[in-house]
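Each of the next two complexes has subunit A plus one other chain: subunit B in the first, subunit C in the second.
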Partner chain A sequence: MNQKIFWRLSGPGALFLVIFLLVPLITILVFSFWRTESYTMIADWNLDNYIRLLTDKTYLTFLMRSLVMATVVSLVSLVFSWPIAFFIARYGGKYKIILLLLTSAPFLTGEVLRVTALQQILGPLGLINMTLNNFGIEPIEALMYSNTSSAIGLTYLWVPFMVLAIYLSLLNFDFDLLEVAKVNGAKSWSAFWEITWPLNKIGTAIGVVLVFVPTLASSITSKFLGGPNGALYGNILTNQFGSTGTWALGSAMGVVLFFVSILVLLVVWRLVGDLRRSGISIKGGARL
Partner chain B sequence: MEKSQEGKISRRNFIKGVGATAVGLSFPHIANAKAATLELRWLGWEHYNVHSIVSGFEKKYGVKVSSSFFDGNSEAYNKLNNGGTKDFDLVMADGFWPRLYAKKGLTQAVNYDKLSNMQYVFDDFKAPNYKLLQEEGGSKMIAAPNCWGGYGITVNTDKVAPEDANSLEMLFNEKYAKHISTSARFEENIALAGILATHQMGTQNKPRPDGKSFNPYVLTDAELQRAKELLIKQKKLLVTRWNDEDTLERLLRAQIVWASPEWSGIYRRIHFDKLDHKSKLNMKHVLHPKEGGLGWVDTWAITSGVTDSEKLDLAHKWIDWRLKPENMAIIATDVGWSPTVDVRKLIPQRYVESMFLNETKSIRDLHQFDVPSSPEKWEKIWSEVEAS
Partner chain C sequence: MGIVLELKNVSKNYGKVIAADNINIEVDQTEFFSLLGPSGSGKTTMLRIIAGLEEPNEGSQVIINGKDVTHAPPYQRGIGMVFQDFLLFPHKTVAENILFPLKMQGASQKEKDENLKWITHLTQLEGLENRYPYQLSGGQKQRVALARGLVSKPSLLLLDEPLANLDLELRKKMEIEIRRFQIELGIPFIYVTHNQQEALTMSDSIAIMNYGKMEQVGEKFSLYHDPDSQFVASFLGSADSIEAEVASVQDGIATMTFHGKTIQARAHNGLKAGDQAICYIKSERIRMEVEENPDAPCGVVLDKIFKGQYIDYILDIEEGNEIIASSGTLSQIKAKDRISISWDPQVADAFPLPPKDPS
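After this line comes the complex of A and B, so read on.
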């Protein structure tokens, strides 16, 4: 492609990214080394915010809570998503796209609306507990403003991403391989473990990352469903930029979150192996 | 017409050209000046954006009013402190916040001579009875009152014992475990716990380190520590910390929550339902718990970004328009906040009673909403409560 045309086509997008992604990130990085005093940013370069975040057990608690929450939500999403994605890819036929879109239907509404809808199911006045109440059964406390409630909400929010990632991986998978395995005496379950799973490990890993990272940073779901013990790292981070006005500490929290997310990506990368070795390439080449 | 040689410009044509250019350049400005409508931009709480009041003002003065909203004072303060005085002509603030704005030069003096409707404001919300509309240590007026209220406790009197109902201790009482709620606002949670803590420690009425009278937003480290302990203890008693009034209202109506601090709007709605025989719930709103309570008067202030005399005049007209009793009556009945203007003859009696309009003196005993003495310390305390 002509260099001039290349720049004309990619220029606006690159400029957009520089202005709206890179500049705010650099700003946050700079602010994280400053301090805040009575709602005023003071350019007093220091490492205090990072020392506080990495040594004070208060903030480490929030980070740990979010890491545990992200792990649980990713695992539960994985268990739910695989059968759905497999069913759509294997048996969806000409309705594959429609079925896939149906799993994404909740995304046609906003996050707050979805969380509010979940409150109607999970809360003390929700469908489940009210039904139990009508039968004279004690309500399930775990569903009332709790971390369990948050985990259910977050799984509901991010499952479509996991389904999509696994489905896209399965689209390139040759299901005839399973028939070959069966002909050669493999049971369905061992065919899955020895053929389907390894050949779709990358798609699954992408799905895990797509669920893990946003869960790690999430705040809205836990704000509405989490209850008194449900504050996650994202909630405390949001507070810094809102009510407490401690922007410098909030910026440092943002930087820490960014690097933890990068670390997660690296760990997943190492666990599943190099993408190119598994057949996925940036040129879009098919596997097998 | 005078001819000119090709490529050369005659003197007359030159003058014509200059004239035409000058007229051409001027006309768009003249036209724009005629077409331009003066715009008044205010930053405040969304519920005060009442269409009929705004459109009435726009129609009367031929101007455009645009509004932006915030959730709390600190958010608005951050906006103005970071260049927002150029973006907003008026800002709303309550408690001690107008003084902070004025002290930081973010707002300017309000000329009360231009506010004819100030005559209808209750004396309890005017200087010298209510001092926070004046600059600290001076006589300059820095804001005009709008609505007032408390951050009292709405109590289900069928469930909470009468001897407990008037005390803040009710919110920390194990007897009511899993039937208590508080809002998610960290400042007011710490301040209320601070009032109880200082009451228990006996430090409320003793000389304060700053030499001023007791203010729950200015607590010593020991008092903050005690408040933190109370809040940690309270966590296991809570159903939830509500983020929106709708959630609390449903929990109160279902009798899952028996007591919670709130602005009294929910109490009023449930109480009105009782009066209309739509509900059997017996509720009361404790505006002033025995250990002390929180209150607020929200205000209009003019930002320092307003330098144009025409805009400044318009800003005053806006404040005066909002203070007009007929408009304040709309705020009382349609929006549900208690006006600082005497509208008792304009609204139904049930509103007068439930909005405490016969008890405006109680504002003098309530600790006004303020800026935490050290937002950094308060943030740390709140994070520790949340992490516990």
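After this line comes the complex of A and C, so read on.
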């Protein structure tokens, strides 16, 4: 491609990304080596923030809690999304697009409204526990302002993304290959493990990353549904920029989150393994 | 040699659409058997019923090696299948693709090694075992697909238009190769195609299908020269058609009047004097003479098309009937020549013309 045209076309987008992504990232990185005192930033370079994050058990606990939450939410979303995406892609026919859009119907309202609506179902005065109460049954504690209800809220939030990623992957999948497998002696499950899964694992990996990384950083859902002991890493991080005003520590937390996310990406990439094993040919993508 | 495949009263319909209408077929141990027909004629449906990918209607019977497998799943039928577009598994190497059926059967490593060696030798794929499908040429992909179909030594191989996406030169090479595999393995091949050249080249027997019905089944030579249905007469080869009125029918030969001239052909389907008939003659059976014969249909050469091995003459006969006559390349007849045509009554076939649709 003509170089001039290349720069003219991709220049504005690249510039936008540099200004609004890279600059704040660098700022945060710089801030993370500073210090905050009485709501002002002091530019003396030190590692105190990082030392605190790595030694104070509180922060590690919240990070672990977020990692567990992200893992659970990703796995549950995965189990829910595969069948949905598969049936839309395989049997959706002319209704494919409508069915797909329906999975994203929750997004037609805002995030806060969506979480509030979940409160009306899961909370102590919510639909489920009130109904149980009417029948004289004890309310389900786990549903009321807990990590479980956060997990339900987050799964509900991210399933559409996972469905979309897997669906797009399945759109490129030749379902006739399953018939070939069947004729050659494969039963349904072995056809899935031998053919469907390997050829769609990259799409699935993208779905997992799309769910895992935002869950790791999430704060709103746990704020509304998590209750007193439900705070996640994201909540603590938000606090540093809010009530406590310790921006330098918050920045360091952000940097840690950033690197943990990169680490997750690398792990997922490793799990995907040899691209040829996912049916990706070098042809077509060779001149990257 | 025994019968390997038997279809008895096999029917299949999708709602009101009839894809297979009471089909009866027997395929012998050493037979190369083609299902030939235009697209939508139900030939692929037949193959899918044999494979077990499609359940036929009540009362149908699919028998393989004497065992009724009508309701058995594909993997219990002992068949191999080669698909259109190859359909190789893109994420598996050549060896893994070929060995897939054996892996699914839980074969031992020794058996896998032996069979892989045998089949890669037969299909000339030695040395390509560790390649991925995207690294193969069209012909190699085709051979991998064949090898995968044959590796478990099935009792019959089904092929669904396997050469449709290859270029002409490669197709001709593969036609000969596939036929060679079939003879070497001594198992029947059931070959679906819409390409009659392919069917004629490779087959022993051909079943011609049209709208889910089997029009005619038989040895290819007799099918080509003795069609017993109007569809087969018009479908096979390059057939010209002429409409005429039947004057008399005697000893199976109909004598007809065509623009005042007398023509003759074998009479089919109870053709009788007074009927309107449609008469089919293969292009290569039409003889042309430059002298105008007052008793024979006459006309003018509109165009002469050199095809390499033969020449096609486009003729306008008795003003308004365009027919094609094929002739050897040494023919001296030129465009605009006036000619008369004739043929041997034993190579033309006349059928009653269905009454014209009043609409």
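In this section, the second predicted complex is superposed on the first by the 269 of 288 C-alpha atoms of A that agree within 3 Å, B and C clash if a C-alpha of one lies under 4 Å from a C-alpha of the other, contacts with A are read in each partner's own complex, and residues count from 1 in each chain.
One rule holds in what follows: a contact is a pair of C-beta atoms (placed from the backbone, for glycine too) under 8 Å apart; a residue touches a chain by one contact, two chains touch by 3 or more.
Keep in mind that this is a model prediction, so the values were computed, not measured.
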Now for A:243: first (subunit B), second (subunit C), both, or neither, which partner does it touch? first
For A:233, is the partner it touches subunit B (first), subunit C (second), both, or none of the two (neither)? neither
First (subunit B), second (subunit C), both or neither touched by A:182: second
Based on the superposed arrangement, let me know which partner A:158 touches: subunit B (first), subunit C (second), both, or neither? neither
If we overlay the two complexes on their shared chain A, which of subunit B and subunit C does A:59 touch? Say first, second, both or neither. first
Per residue count on subunit A, the busier partner among subunit B and subunit C is B
Going by the contact rule set out at the top, does A:144 touch subunit B (first), subunit C (second), both, or neither? first
Spell out the residues on subunit A that touch subunit C in their complex, using ranges where they run on. 174, 176-177, 179-187, 190, 194-195, 198-199, 276-279, 281-283
Would you tell me which residues of subunit A are touching subunit B in their complex? 36-40, 57-59, 61-62, 119, 124-125, 144-145, 223-224, 227-229, 231, 235-236, 239-240, 242-247, 249
Note which residues of subunit C are touching subunit A in the complex, please. 51-53, 73-75, 79, 81, 83, 85, 87, 89-91, 100-101, 104-105, 132, 134, 148, 152
Subunit B to subunit A touching residues, read off their complex: 71-72, 74-75, 77-78, 81, 184-187, 235-236, 238-241, 243, 247, 250-251, 254, 256, 371, 374-376, 378-380, 382-384, 386-387
